[in-house]
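Below are two complexes that have chain A in common, paired first with chain B and then with chain C.
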Partner chain A sequence: MIKQDFVALAPYLAVAGGIVLLMLLVSFWRSVRVMLTMTVVVLLVSLGLVGVGIGNPPHLISGFLLIDGYAALFNALFIIAAIVTALLAYGYMRGRGGEQEEFYLLLVLATLGAMTMAAAHHFAAVLLGLEILSISLYVLIGYSEEGHPPLEAALKYLVLSGVASTTMLFGMALIYNATGTLVFSELGSTDFAVPRDELYYLAGQGLLFAGIAFKLSLVPFHMWTPDVYQGAPAPVTGFLATVSKGAVFAFVLRYALITDVLAIPVMSTVLLVFAVLSMLGGNLLALLQNNVKRLLAYSSIAHIGYLLIALLAVGVLADSLIAVEASIVYLVGYFLMTLAAFGVVTVLSSSSMEVDAESIDAYTGLFWRRPLCAVIMTTALLSLTGIPLTVGFVAKFYLIATGAEGGMWLLLWALVVGSAIAVYYYMRVIFVMVQKGGGDSYTHPSVKVEGMAVLVVIGLSLILFGVYPSPLIDFVRSSIGIAGG
Partner chain B sequence: MNLLALILLMLAGGGIAWVSERFNPKAPQWVALFVLLLAGFWVYGLWVSGDGPIYAETKFAWIPRFGISVYLSLDGLSLMLVALTLFLGVVAIASSWTEIRERTGFFQFNLIWTLAGLVGVFAALDLFLFFLFWEVMLIPMYFLIAIWGHENRGYAAMKFFLFTQASGLLMLLAIVALVYQNYATSGVLTFDYQALLGAEIDPDIAFWIMLGFFIAFVVKLPGVPFHTWLPDAHTQAPTAGSVILAGVMLKTGAYGLIRFVVPLFPEAALDFRWPAMVLGAVSVIYGGYMAFSQSDFKRLVAYSSVSHMGFVLLGVFAWNQLALQGSIVQMLAHGFSSAALFMLAGALQERLHTREMSDMGGLWVRAPRMGVITLFFVVASLGMPGLGTFVGEFLVLLGAFQVDVTVTVAAAIGIVFAAVYSLSLMQRSFQGPPNTNVETMADFGLREMSVMLVMALALVWLGIFPQAVLEMAAPSLASMGVGAP
Partner chain C sequence: MQTAIAVPIEHVLVLAAALFLIGFTGVLVRRNVIFLLMSLEIMMNACGLAFVVAGARWIEPDGQIMYMFILSLAAAEVAVGLGLILQLERRYRHLDIDAASELTG
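Let's turn to the complex of A and B:
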């Protein structure tokens, strides 16, 4: 390790050091408030270091991690999402029993895992990041002491996610068997090229992508998603829907970019089928839901399906960086609107309730009872629908433009049909919120100041990036190395 | 003058109207009225001071990454439609002066934002911006129906939103496809209308892109078979919503056909001329037939809109000067007459709490002023010479006759239906033996009479002096290659 390695790794070292610090802190001074403060401080320091390093040339650390603008953008997203989750979780857990301090420790640990995946350039790094992330998530999902749903969700996720990780690991082993390397750049280089139809190689890629499809909850590997989303505490669900998905996508996009795996016809065809099935299946199944968390779970399946358009564009476009640009802009939008939607569920959930504010009836008349929450929820839902002047539209527009540039009409049709179906269930929630009544049968949770403040900021950025996306676009383009504005 | 400022003025005015409810529940309608009058004077100033063919223009870069600019421009056609929008906006506020008693602030906010979106639609010459306004005006209209609508508002609002949103997505796909087709041949990525006018597109692709635009606009127009949202939405909307829907929002479909479909795809539109004209004629006859079979006052007027807008579709695809001028006169005339009839329906519902004509009858005795007004607009609707509708329909038929005799004859038969349903409306509600259920009914007061008289005068003016409108529209049509410059 040389000095430049440490400079490049600074954000990671800050988070890792922070984790040790938090671990020591929690054993000497048990205070939720102090833990929250320190967590936010650690994450902010790391975010600052990410920001400082964003202009530096790409730096490869012994073939293991590639620290570049790409990793930096994803890291920034993960860290911001973690800060939001921490602040939301604080208000959510207040009034609930149990030891709450370790929650923040696990949250930062999960973030470190996600950050590792964003920079992974080697299968070992992928696995390392994935396991840090997943194992932290198992505990986070089942963190609540009360009630069965979290435990059931955690167990489901543990078993199924464990199987998926194993599948991926076996896939990596088969690829190693065929090529003799685990480094992405070597997998992509012609020196190591194996026949693309070699059986072990293809089987390895197939298993790898099956595991990825599970982690991204693509149809037909989506069965776990609604149950886990519903059972997990609302702030953790938001984290799961954004950071966990984003980390896996960051890895698979980088993997596709460097190794050109999507040039194998069967791989891109399979992925295309997954994408179309996710867009249509996710949206169709969401129509049947009366539970907001499950509804958002299915909607996130569809949204990751849309995102696959950008991934598939890697294999189609002459300039694959445009696909990266589209993916990141899309993920910025997806992160913001998903965090906003689950954030509203979080602040409306009360510790006195058996379950979170997840039944659609709990939202009846919300517009007149809690106008600010309702406005933010409406903005988030309109953004998820893809209505102009919200970031969700910019994100969707990016995918449509990318797809049109690549001539991927089948996927675009699926996107249009899926989005049209989606209008119904998003608008149904909005309709319920503006109706009269419903205020009597539901407890009014106390206003959570930190949570509301975070939500207001996210709500404003949903609009801001929707109205004036140019700075965001320029920033993403310059960070990933596309010249010009 | 800056057109963006005009739209921002309206958006800001809407916000102020919402907030002003805190001080007095009556305040929002005064604020809204003031804002609309201010905007009206602004547009009047443009009209008087401008010397055509472009009365005002604003253009600056917005999202340079995709060649998107804020490009707003008012030529004669756009200016007339913007003026109609603002005028009917004032009418809508006047018509709901006493009807809306709950959440007045949010009501006026939605009303003004719908109008601002409509102004944007008529002024935008950047396809991205056009789509943005096209979508943005739907949300407040959705709220108007969903919150203040009648008994079946949930269903109607959802149907309205689904139809328009799904067709809007189709248009977005068509817009992006057009832009990227142009990018492939010219190497310039731009959403500028003027630049895309000269785009060279493969005829086969052009047809499909044209169809995407066509369906989006015909859903809004609405033409058979995409009209089914209209009777529900119009019937369930509050009076102000119906006035704006019928008076202005339907015109955005016609405007889109004139401004975008034919000029952007002249050959494809020519190939599609016959089916489109047949659809127009079918709408005329089917709308008239369905109107006659209604027992609900508002539903009858709604179906009559389908019939009247069928003439516009017929005229646009005949695409000669006579027919197009007829279409434009018809758009304005229908704006006034349908708005007035919906106001009457609203006034009757406010007084009688029913829209069923079987519960009416003999109302002339109770409210002679309302009777006279109804008679006037009913006669206008059936196409009495000397009133605007006659000029519009006559010119359309004259122009269409030169293109296709059979279709024109069929459409002309539709006018007979108009006479039947119009007179039956009058007969069933105001004539005949007085309904014993109705003991007393307040007649129109000064506010309602003055609004109605202004609209009646406008129809007379259109009927006996259509030349002013024709001259105003001529340069716009000339710029699209129709008629002498």
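Let's turn to the complex of A and C:
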């Protein structure tokens, strides 16, 4: 380790050091307020360090982690999502008995795992990041001490995510057996000395991508998603839908970029089928839902399906940086709108309630009872639909442009059909919210100031980036190294 | 020193794949949560075995290092899993995973 390594690793060291600090803090002085403040401070320091380092040239740390603009952008996204989750969770868990300090500790730990995946350049780093993220998430999902749904969701996630992790691991072992290396750049280089053992190599890639498809909850590996999203506490669901998916996607995209695995026809065909199935299946199944959390779960399946267009474009386009740009812009939009939607569910719920405000009846007439919440929810849903002047439109526009450039018409048709179906169920929630009357039987918890403040900021940025996206796009372009933004 | 593999690599990989499938089948058919965790453990160890034999093929320590990673991760996963099992036992008074299936729709 040399000085430059430590400089490049500064955001990671800040988070890791912060975790130790939080752990000591929680054992000596229990105070939720102090814990929340320290969590936000640690995350903000790390975000600042990410911002300082974003212009630096790419730095490879002993083949293990590759710290560059790509990793920095994803890290910034993950840290911001973690801050939002922490603030939302504070109001959500208020009034709940028992210890809640460890929640923030686990949240920061999960963020560290996601950040590791964003910079992973070696299968061991992927394994470490993925498991730090997943194991923290098992506990976060089952954090509540009462009630059956969180426990059931945590157990389901533990078993199924464990199976997916081991599938990925077995794939990695087969790839290692076939090529003799675990480093991405060596897997990618054509002049790497060892001849590939094709059968093992393909089987390994297949298993690896099966595990990834599960983690990204692509149809037909999506069965766990609605159950876990429904059972998990609302703020954790938001985190699960954004950071956990984003981290896996960051790894897959980097892996595809460096190793050129999508040039193998079988792999790209299978991914194409998954993408089309996810776009159509996710949207069609969302039509049947009367539970807002499940509805958003299916919608997130469809959105990751859209995102696969950018991933598949890596194997098609001559300039793969365009695909990276589209992915990151899309993910920024997806993070914002998903956090906003789950944030509204969080603000309307409390962990002392039997279940979260997830039944669609809880939203009847929300405009007349909680106008601000309803406006933010409407903005988020319009953005998820992809209505112009929201960030969802910019994001989807980018995907369509990328897909058109790569001539991937089947995927674009699926996207258009899927989006058309999606209009129906997003609008249904909006219509329910403007209906008069109803909801009297439903009592929402008192207003949470910090949660609402966060939501207002996200809601405004949904509109701001939708109306005036060029600063965001320029920033993404300059960070990943596209000249002349 | 000569490479000390007397057993062909394919045989060990077949063994690892068999272990992996046994674990996977266990996850599918077993209903007791403790057995589910044990099946997961078998799958993890199958991965570890595959890594070790691949490392031996290339005469590198990487495979064994990965195995050590896998071991520690399996321990962490089981620790959390056992914690959840304690909660399951406390709330449902038994360990049948099928009973915990209220989330549908």
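By our rule, the second predicted complex is superposed on the first by the 476 of 485 C-alpha atoms of A that agree within 3 Å, B and C clash if a C-alpha of one lies under 4 Å from a C-alpha of the other, contacts with A are read in each partner's own complex, and residues count from 1 in each chain.
We take it that contacts are C-beta pairs under 8 Å (C-beta built on N, C-alpha and C of every residue); 3 or more make two chains touch, one makes a residue touch a chain.
What you see is a predicted model, and the numbers here were worked out from it, not measured in a lab.
With both complexes superposed, C is the one of chain B and chain C in contact with more chain A residues. In the superposition on chain A, A:P445 makes contact with neither chain B nor chain C.
In the overlay built on the shared chain, the residue A:V159 is in contact with chain C alone; chain B does not reach it.
By the touch criterion defined above, A:G18 reaches neither chain B nor chain C. In the superposition on chain A, contact of A:L169 is made with chain C only, not with chain B.
Once chain A of one complex is fitted onto chain A of the other, the partner contacts of A:F431 are limited to chain B, with no touch recorded for chain C. Contacts of A:N290 after superposition on the shared chain: chain C is touched, whereas chain B is not. Within chain A, no residue touches chain B in one complex and chain C in the other.
Interface of chain B with chain A (complex): residues 62-66, 103, 131-132, 135-136, 139, 142-143, 146-147, 154, 157-158, 161-162, 165-166, 169-170, 172-173, 176-177, 179-180, 183. Contact residues of chain A toward chain B in the complex are 368, 382, 385, 387-389, 393, 397, 400-401, 404-405, 412-413, 416, 419-420, 423-424, 427-428, 430-431, 434-435, 468-470, 473-474, 477, 485. Only residues 123-124, 127-128, 131, 135, 138-139, 142, 148-149, 151-156, 158-159, 162-163, 166, 169-170, 172-174, 176-177, 180, 182, 194, 200, 226-227, 230-231, 289-291, 294 of chain A touch chain C when the two sit together in their complex. Residues 9, 13, 16-17, 20, 23-24, 27, 33, 36-37, 40, 43-44, 46-47, 50-51, 53-55, 57-58, 60, 62-63, 65-66, 69-70, 73, 76-77, 80-81, 83-84, 87-88, 91-92, 97, 100-105 of chain C are the ones that touch chain A when the two sit in their complex.
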